[in-house]
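Two complexes come next, and they have one chain in common, chain A, joined by chain B in the first and chain C in the second.
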Partner chain A sequence: MPSSQKNVKPWFAVREPLSQKRATCLTFLSFLMPILIWSAFSYLPFLWHPKVEITQPGSVTWLQPGTLIDKAIFKEQQILAEKNNTALPEGKPANPVYLPAPHEVVVAFYTAFTTEPKRRSEQWLHESLWHSVTIVFWGFFISTLIGVPLGILCGTYSVFNKLFEPFIEFFRYLPAPAFGALAVAILGIYDGPKIAIIFIGTFFQQVLVVANTTRKLDIALLEAALTLGAKNINLLFRVVIPGILPNLFKDLRILLGWAWTYLIVAELIGTSSGITWFITQQARYKNFENVFAAIIMIGIIGLLSDLILATMGKRLFAWENSRGKIA
Partner chain B sequence: MTTLNLPSYLDQTDQVKKRFDALKKRDVILDVKKISKKFDSPQGEVEAIKEISFQTHKREFVCVIGPSGCGKSTLIRMLAGLETPSGGEVLLDGKPVSGPGPDRGMVFQGYTLFPWLTVKRNVMFGLEMSGRSKKNAESEARDWIDLVGLSKFENAYPHQLSGGMKQRVAIARALANRPRILLMDEPFGALDAQTRTKMQSNLLDIWKNIDITILFITHDLDEAIFLADRILVLKAHPGEVNEVIEVPVPHPRSPEQMITPEFLATKKRLEELIHEPEEDVPMNLTLMTDKSDSVD
Partner chain C sequence: MSTFSKMIPSFIAQKVAPVLFGLTAVLSLNAQAKEPLKIGYSDWPGWVAWEVAIEKQWFKEAGVDVKFEWFDYLASMDAYAAGQLDAVAMTNGDMLVTGSSGAKSVAIIINDFSNGNDMIVAKPGITKVEQLKGKKIGVEIGFVGHLLLLNALEKVGLKESDVTLINVPTNETAQVLASGDVDAIVAWQPNSGQALEQVAGSTAIYSSADEPGLIYDVLAVSPSSLASRKDEWKKVAQVWYKTVDYINDPKTQPDALKIMSARVGLKPAQYAPLLKGTKLVSLDEAKTIFKKTDTFSSLYGSSKASDDFNIKYKVYSQPEVLDTYIDSSITDSL
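Take a look at the complex of A and B:
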C-alpha cells in the first residue's frame, strides 16, 4: 500500500513505553490538570461560587465589607432593601472560605513562614515542619533498624519465618492509632508516643514486606552459590542481602510514604505538635490558604525525598536496571 | 526420502576403540550407585528417577540425553547435592557426597551469574569462599577469565553481556574452584544456534586443556554426539537408563563430522531411543483454503 511511511506510534498501546517527549508532557499535565480545575473553580464566577462577598453593606446594618453570606440570603436582603427604598447591599460571587484561590495559597507559601505564632507557646511553621520531619525520621529509622534485619531473617530461614510471621501477621491488622493512649501512658506526652505510633504503623508491615522481597530472590542464585562452596553466613551476606538490595530499597521508599500517613495521627497524640498542629490551628483561625499551603508542603517534602531516594537507587544499583549491552 | 546406508553405531574404528579402552582404565571420578528420586505431589508419589547407575572416568565427557521431563535435571541436581536421593548413593573419588560443594562445579541452564558482581568478582566468588586472599583470588580469576576469552569484559556486569558470554563466565566461575567434575544442565539451551555451535567447540577446547571431567545434560542430539565420549540415554516415567552409547566419532571433534556416517548412525539410534510413540497424536486437518491457492 502506498500509504505514508511515517511511523506514528499510537498513544494507547498496551505496556508500550511512550516517547520521552510524550512522557514529560503527561507528567507536566498530571500536575497541571488539578491546578487548572482548582483555578477554574476559583476564578470563574459562574462556576459554583455559592457565596457572596459583601463589598457595600448598603443599608443592611449587620453586614460588613468582606463578610461572606449565602447567595439566597443576599438576594433576600437586596429585595428587602429595594422594597424599603434604602441603599442596596452590593457584593460579588465568592467561594466558601475553605476553598482559597491558587494565588492566595501561593502567597501563603511565603507568608505562612513569616506569620508570627498567635501565642508564645506555638511554633513557627518551619519549626513545626522540622519537628514533623524528625518524628517521621525517628519512627521510620527505628522501625527499619529492627524490621529490615528481621524481615531478611524471616525470608531466609524458615525458623524465623514460623516463629515471627504469624504473630506479626495478626498484629499488623491492629490499627496503629488504637495504641495512642497506651503509648502516652508508657512514653509520656511528648515525642515518645508519636515516634511509637509511626513505629507501630510501619514496623509490622515492614517485616512482612521485606520477608516477602527476600523470598522472591531467585533460588537459582542461592543454588549456584552453594555449588561454589558458599555456606551459612556467607550465603546470607554475600548472596541474599546483595541480591535483594534494589528491591529492598524500593520497599523502603514505599514504606516511608506510609510512615508519613501515620504522622497525622501521631501528632494528635499527647501534646499536639508539628505540621498537623499547625494545620489544625490555622483551620481554627480560618486561614485556609495556610492550611492548603501546609498540606502541599507535606506533599512536596514527600515527593522530593522520594525523588532523591529514586535517583540514589538508580546510582547505587546500576547493575540492575540498565539495558545497555556491550556486545 | 532416501534411506542412507549407514554403518552400525556400534562399529568402532581401532582408533576409537583404543581411546575407549584407555578411558575405561582411568580412575573412576563419579560413581553413581542405584540412585532414585521420588517426589511427593498432590496426585501421590512421583518416581522421577529410578535406580540409575553409571560411572564417569577421569577426563571423560559424558552426555545425558532423554525426553523432556524424564528427570535429567533431577539427576544432575542430585549429583550436585542440591537434591537428596530417595535411595542409592553418589561417590566422588570413592567418598559418598552429601550436600553441595565446590568439588562439583555446576553450570545451570538459566543465567545464574550474580548480577551485582562484575565478571571478575563473579569468578572470584568461589575462590573467596574457599578462604583465598582477595589478591590471590583476583589473579587466579583473571587467568580463568582469560581462558574463556573475556579479559576485555572483566569489569562488566552480567547484564552487559550476551547470553553466550554469560555462560562462558559461568563456566569460568565453576572451573575456578578446580572441581573434580563439571556438571552442566543444558547450559546452551537458551542460546541461538550459531552461538551454541561456537560454545560447543569452546567447551571442547577448554575440556582438552584442563584436567576436568564433564557431565553434560542436553536434549539436542547433535550436541550430545558432538561433545560426548559416552551418551547416557534416559527414558521417562520413571527415569531410567535406556542405553549407554559409546560415540564412534573420533577425536579431535569438528563440526564437519556432523555429516560423517558414524555421526549419522549414532544420531539415528538416538532418535529411535528418544522417540516417544505416545506423543504422536495425529492432527485433524481439513482444507480451509481455495483449491487455486494450493501449495502442492
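Take a look at the complex of A and C:
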C-alpha cells in the first residue's frame, strides 16, 4: 500500500476484518439499539402508549386510580362527564402491562435476587438458576458423551453412516416436548425427565452436525495418511479427530445454545423447578417485569458461557485464528 | 482434573444410572413401603392451603411422612396418571376424566368448592344472563367453565344453541374479552379477575357463588395406596381439617395468608380476594357434602353432573361408577 494514500479503511469492505476499535463500537451498539428502541416506546408518551392509566377517577364510579383502560374508552368517559357537567376523569398515557419500562425490569432484576425465601421449602433465585444450569449441563453432557463419538464414526465410515443416520434423520423431526409424559412415566417427576428432554432435543441434531463436520475434513489429509500406512484406529485418532477438533468445538458451542432453548419446556415437565418455575408463576399473575428480568438472566448466562467457550477455543486452537478468519 | 475424575463416579450414580435404568428404579420403588406419601398439588387457593400445614410442620407433628410436590395443574395429573404420585389435588370432574383413561382415584378429603372464583364476565352493557341470548361467548369447551355456563343458561331457560360458543383457552380469556371479539367469557381466577380489570365496565353476571358445589376440589388418592396405608391417610386428613380451621379463623387468617401468598409469589393483600372466592370446607361441612344426594350440595350430585357433562361432550363414552371414586369413611371417622 503506498504511504501517500490515506490510511482509512472503508466501513463496507467484503470479508475484511474491522479494526478493533470499530468492532468494539459495533458490539456495543448492537446491544444499545434494542435498549434504545425499548426505552423510546417506554418513556416517550407520544410513542404508542395505547392505554390510559387513571390518576383521578373523577365522577366515573367504576374507575380506580391505577386502572389501565383503552384510550378510546377513556375519551368516551371524558366526553360523557363533560356533557353531564361532572368531574372529569384524569389519566396519563400508559403501555399495556406486558411491556414494562427498562427501569422497572432493572429493579425487578435486583429484587429477584435479594428477596429472601419466605417458605421453608423455597429457594433463593440464584439457587433456582443454578438448578436450571445443572439440568442443561447434564442433558448436554450425556448427549455429547454418546453423540460426538457416534457422529465421528458416521462421518468417517459409510457403514455407520448407513446404519444410524437414516433413523436419526427420522427421529430428529419428533418434537422433544412430545416425550414429556412418557419421560415422567419412566424417569419419575424430578430431574430425570427434564434432563431426558434436553437430551432428546440435542442428541439427534448433534450426531448429524458432528458427522457433517467430520465429512468436511480435507480428503487430502486422509489420503496422505493412508499412503503413509495409517490403519483404522490410528487414522481415526491421529488424523480425523485432531483434524476436526477446532470445528467440533465450534459445533458444540452452537449445540449448547440449542440445549438451552429446550430448558423451559423441559422444566415444565414433572415438578415445577428452576428458573421456569419463577417465569411461569410470575407470568400467571402478570408480573411481566419479573418475567423480562428472568429472560434476561438466561440470556446473560448463555452469552457469558459462550464468551468463555469462545476464549477457550481461541487458546486451544490458536492455529485456526492465524489464518485471518472472521471470528 | 482430579476433581473432575472424582466427579465421574458420583455422576454415574446420580444422573446416568437413573436415566438408563429409570424403568427398573420405578418398578423397585413400588416394592418399598417406607417411602413418604407423595402428593401433587398446584396453584389453586384450596390446594395452596396445604402450604400452611407444610410450613407449620403439622405433618411431622401428626407422625406422618408426606412429601408435597408442586406442579402445573396439567403436569400434576400427568404425573399421577403415570403412577408417580400417591395422590393429587384435582377437581371432582377431572378426577372422573383422569379415571376414565385408567388412572382411578378415590376422593377422601374435600378441600373446597369454588365460591365465586369461576365467573361469567360480560362486556359493559350486559348485566344479566338472559341478555346473553344470541351473543358470542368465549369459553374453553369441555372444561369446568363450560359446565358453569350451561348451568347459568339453564337457570334462565336458555339452551346452549341460543348462544355462540367460541373455544378460547382459559388463560387467554381476558385478552379475548378486551379485544371485543366476544360479548362474554367464562374463566376462573386469576383470569376472571384480570378480565374484570382489563375491560373497564365489565361485570361478573354469574359466578360459582350462584351455584355452590358445581365444582369441588378434592384430594384424590390412588386406591392401592389408600388400601395399604389407610392409617397414614387418616392422619393427613386430620392435619387438613386442622389447617382449614386455622385459615378460616379470623385471628390466624393473616398468618395463613402470609404463607399462602408466599407460595404463589403474591402479597398477602393481593391473595385475600382469591381466598374469598374459595370456600374451604370444615370437617362438619365436609361430612355433609359427603352425604349422598343428587343436588350440588353433595359431592355425589356434583360428580353426577360432571359425569353427564363429560359423556355429552364425548370426553369419555361410558358413565363412571361414582361409588368407586368417593370414600367418606376417613372424614366420617374424624
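Note that the second predicted complex is superposed on the first by the 302 of 327 C-alpha atoms of A that agree within 3 Å, B and C clash if a C-alpha of one lies under 4 Å from a C-alpha of the other, contacts with A are read in each partner's own complex, and residues count from 1 in each chain.
To be clear about the criterion, a contact is a pair of C-beta atoms (placed from the backbone, for glycine too) under 8 Å apart; a residue touches a chain by one contact, two chains touch by 3 or more.
None of these values were measured; they are calculated from a predicted model.
Student: Which of the two partners, first being chain B and second being chain C, lies in contact with A:245: first, second, both, or neither?
Tutor: In the superposition, A:245 touches chain B alone.
Student: Touch check for A:122: first (chain B), second (chain C), both, or neither?
Tutor: second
Student: Does chain C touch more residues of chain A than chain B does, or is it the other way round?
Tutor: In the superposed model, C touches more residues of chain A.
Student: Which partner does A:230 reach: the first (chain B), the second (chain C), both, or neither?
Tutor: So A:230 only meets chain B here.
Student: In the superposed arrangement, does A:319 touch chain B (first), chain C (second), both or neither?
Tutor: A:319: touches chain B, not chain C.
Student: Which partner does A:265 reach: the first (chain B), the second (chain C), both, or neither?
Tutor: A:265 sits against neither chain B nor chain C.
Student: Examine A:298 and indicate which partner it touches, taking first as chain B and second as chain C; both and neither are also allowed.
Tutor: A:298 sits against neither chain B nor chain C.
Student: For chain A, which residues belong to both interfaces, chain B and chain C?
Tutor: none
Student: Which of the residues in chain C end up touching chain A in this complex?
Tutor: Residues 15-16, 18-19, 22-23, 25-26, 40, 43, 51, 54-55, 69-72, 75, 78-79, 81-85, 171, 178, 190, 194, 197-198, 200-201, 258-259, 262-266, 270.
Student: What residues of chain B sit close enough to touch chain A in their complex?
Tutor: Result: residues 80-82, 99-102, 104-106, 108, 110, 112, 114-117, 125-126, 129-130, 153, 156-162, 165, 173-174, 177, 183 of chain B touch chain A.
Student: Can you check the complex and tell me which residues of chain A touch chain B?
Tutor: Touching chain B from chain A are residues 218, 220-221, 223-231, 234, 238-239, 242-243, 245, 317-320, 322-327.
Student: For the complex, give me every residue of chain A touching chain C.
Tutor: Going through chain A, the ones touching chain C are 62-63, 67-70, 73, 118-122, 138, 142, 180-181, 184-189, 191-192, 195-196, 199, 268-272, 277, 280-282, 284-287.
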